[in-house]
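Some structures are shown below for you to check.
Next come two complexes built around chain A: one with chain B, the other with chain C.
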Partner chain A sequence: MTTVTAPPRTSKQMVWVTTHRRTLGRYILPTVFILGLIGLQELLTQNGALPATYFPPASEIAAALIQELSAPALGSALSSTLSTWLMAILLSVGLGTIVGVLLGLIVPLEAILRPIIEFLRPVPSVALIPLVVLTIGTGSQSALFLAVFAAFWQVLVPAIIGVRAAHPVALDTARSYSFSLWQRIRWIQLPSMLPYLATAVRLATSTSLILIVTAEIIIQMPGIGYEITMSRSVGNPARMYAYIALSGAAGILLNGLVRRLENKLFATHGLGGTA
Partner chain B sequence: MLVVSGLEKTYPGKDGGFTAVSGMSFEVHEGEIFTLVGPSGAGKTTLLRCIAGLDAPTGGSVTFDGEVVSGPPRDFAVVFQDYARSLMPWMTVAKNVELPLMKKGIDAADRRERITRALQEVGLGDAAEKRPFQLSGGMQQRVAIARAIAYRPKVLIMDEPFASVDAQTRADLEDLLLRVQEETGTTVLFVTHDVDESVYLSNRVAIVSRSPSRVAEIVDIPLPYPRDQIDTKSQPGFAHLRGHVFGRIREMVRDANLTTT
Partner chain C sequence: MKTLVAASTTDRGRLAFGTFGAVAAVTAWFLISEHSNNAYFPPLRAILEQAWNYWTTAEGVTNILASLQTLAGGLSLAIVFGVVIGLIIGQLPVVEQTVSPTLEFARAIPATALIPFAMMLFGVSSEMKIFLIALGCVWPVLLSTADGARRVDRTLSDTARAFQVSGTQRQLYVILPAVLPRILVGIRIAIPLSLILMVTSEMVGVQRGLGFVITQAQATFQLLTMWSGILILGILGFTLTFLYTLVERRLLRWSDPRGDRSS
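Take a look at the complex of A and B:
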């Protein structure tokens, strides 16, 4: 039993140990930690260390969330937030890619527009809320505009870089075989920008969600954000926290969805082997 | 016939820029294998890019069958040294071979037939559905060659195509090129810095001087085809020609070193 010292474990055992250590590190420990935090919050609020008016106990928040699940407000809030988000992602990724390809290919055009891009890009979308309310109004288009405005730049800049990342030898090959402009874009430049776009889409996913919820809170348009601020003003903090938790969950869900899509795309395009 | 006459390529810069090629003239006959050999840094790749229509010369001209080459001609196919970059990693081998054919307006059945034939020709009949990164370097270069021959060019231009594969693969690819050329009768313009390779493959070898490069000498290689890695290379004629080409190159390198130091 004790004679085996080196090698201490067979490779099979090593794999077992490492995979189990990984499961422990990846799932069990974080779960235990989060449950511990929730328990601590419950304890602190129950014994009055934290004021219950601002911090309802976790159990109360959970009860509010469960109650909301059967209430009509949740479904419509979720559907308006998520449908605006979906539109925002489609628009910003579509526009960003098209404009990015154009600017990536036409260098002088990009040179002319660069100062404008560099000026508009860092403008926080939230700063445009008063303008948007004045011009577009308080409908869901306003949230859509703000989200697209914020996410567009996050797609545009990587798209420009991605188009230009096509390797010179690949472009020479295209030229020597007399590919048309469209064939060159379709077969060489779009695929070479995919990795850049993938990152951009993930950034745009969270950015647009943030902007939409912000717009819902500030402009008070239907959605998760509106339910958050409404709950606060009617003095129901438990419900407010329930919706905050929900918006967090929506973020995780959407991010996971986009990541899955990305992996699928990369697997079918075999981009994993290009590095 | 491909005629290069008085070709000059100067890259702009200080002190009149850098002249890579100057007063370069030669003719490539239909159906021959013509090789440009010279020391590294001799502007061979520059020259080749001008001939292929990828770069514009600053002087002189390239004409093919009487027409001046001003952009990549439809009748030319280029095989680059960097096979990994020249193939599209996101497409299968068959799709890679098919791409240039879609441009030529060839119908799908004909395309399929050409792809199958070309891949069999280079010994990759089974690899059609693989992706380039699943293949070794030599196999990837075979795909690039298959793509070129499926295109059925009149002139096949090859820029040090076997420079980044191992010696055994290199010999295999040389023989593959000879076999394909014999079957198709395509004119081949080949660039290499390897003297053995130039003599082994060619009907004629042009020795290119260091930049600003020009043709120092054109050597006829009267060794009989089909050639063989062992038989041909053990003939006294081969050794003599190889020695001659090698000597001329060494002379040029030495002269250049004397003048620069």
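Take a look at the complex of A and C:
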């Protein structure tokens, strides 16, 4: 290192800062920031600057969270929210991909259906809640329907674009080797869709979680959303914040899972996870 | 078949095919539902009549305006905060490293999970709706802006530095135009989200707005009003997205159309 010529004390500090810059940036600064925020919140609530009825101190929220961890409500709320979410993702990605491939390959059909897609896509699917309550009921199928309705379009549109994004040379090659339709889809169109699908799945993940939590709050069906709104109405804000934090944790967990899956898919297709 | 495919790839062909599809779908809905005895799926004609009768009255217009006002308020707050904070985070790596795990967490909270929180803070009021929309929609704008600010073209920022453009001028005339495409992408993601949050917050007890009307109609079994409200919401969503596409195109006319706007 060139720092040898510098005065010994600064050089040591310099070396320390340069070698630990990564750790400093990646772990220490964010940790200090989060702890600082929590400390500030605790301080402001303890001395009454923030009204305690709305903002219980962080320590109370943490206590509520720990208490919930051993309570039966948490397990059943998490499992019903997450199982509905998993179903919603599988259904919306599955249906979106299949219909996307179909419409991507059959251009006239896509041209006919395009205005209908463009009209249905921006409909806020929560607007369907009253209709869904009347026709499907207040069970978890309602949440599933709403989530799939919202996420399906987010998969379908990129899927169509993805099918069309197949490289013309690859398509010509496939033709000259007389690939069957299935071979063409499997080896050319599906791989060309993958980067588009990856983004779509990430969008669909958060959208469907939002819709499921919404359904739980509005229709009052069991799940994380229901626990949040119930904690508020029984006047237990600490528990409400604990469940909001849990919903964030669930979101992070799901995003992480999806990203991991994505990297795996890309690794096998040699695209190196760049999209 | 060949000619069909060829026809559907030209602009005029697509327009014709699309018009055909739209007309066919509406006609099919109209005809199939005309003699429907199912109370849940009333005839389209009755829905349209009800839409005309209810949403043109003073009450209907008030409700639409109430929804639009909160939507505009919440979205503008989200855009202002998202862009300002995004620009700061994107240009100062230290700040980005410091706050990014916290932001990651805050963003992962499904926006509607914060409805009880917003209700506790503001009660059942239009401030609650605006707060909720702003809180939920700020993330896509913020993250997209920060992402854009991080990758401002090197030549561009070096040129600005060589001409000693700095401070506010640099932010306004160099960074902001360069980041604009990404800001617009963020807003594009925020718009549908804002509609979801608007409707949802109106469903939990605010006495005005589209969401209120359709839930109320469901509770009192006025299915025609409910359907007409859903229809209006659909049209609203479609119109907003369409208008936004026009705005986007106008604002980005100067930029390279082949530029990275896909993500």
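FYI, the second predicted complex is superposed on the first by the 252 of 275 C-alpha atoms of A that agree within 3 Å, B and C clash if a C-alpha of one lies under 4 Å from a C-alpha of the other, contacts with A are read in each partner's own complex, and residues count from 1 in each chain.
The rule we apply is simple: a contact is a pair of C-beta atoms (placed from the backbone, for glycine too) under 8 Å apart; a residue touches a chain by one contact, two chains touch by 3 or more.
Because the structure is a prediction, the values reported are computed rather than measured.
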Touched partner set for A:Gly248, first chain B, second chain C, both or neither: second
Partner chain in contact with A:Ser178 - chain B first, chain C second, else both or neither: first
First (chain B), second (chain C), both or neither touched by A:Ala73: neither
Which of chain B and chain C A:Ile188 touches, first, second, both or neither: first
First (chain B), second (chain C), both or neither touched by A:Leu102: neither
Partner chain in contact with A:Ile34 - chain B first, chain C second, else both or neither: second
Chain A residues touched by each partner, larger count belonging to chain B or chain C: C
Contacts of A:Val169 with chain B and chain C, given as first, second, both or neither: first
Sites on chain A touched by chain B in the complex: 167-170, 172-173, 175-180, 183, 187-188, 191, 269-271, 273-274
Interfacial residue positions of chain A with respect to chain C in the complex: 25-26, 29-30, 32-34, 37, 54, 107-108, 110-116, 118-131, 133-135, 150, 199, 203, 206, 209-214, 217-218, 224-225, 228-229, 231-233, 237, 240-241, 243-245, 247-252, 255, 275
Chain A-facing residues of chain B, complex: 52-54, 71-72, 74, 76-78, 80, 82, 85-86, 88-91, 99-100, 102-103, 131, 133-134, 151
Residue ranges of chain C in contact with chain A within the complex: 4-5, 7-9, 13-14, 17-22, 24-25, 40, 93-94, 97-102, 104-117, 119-121, 189, 191-193, 195-196, 198-200, 203-204, 210-211, 214-215, 217-218, 223, 226-227, 229-230, 233-234, 237-238, 240-241, 263
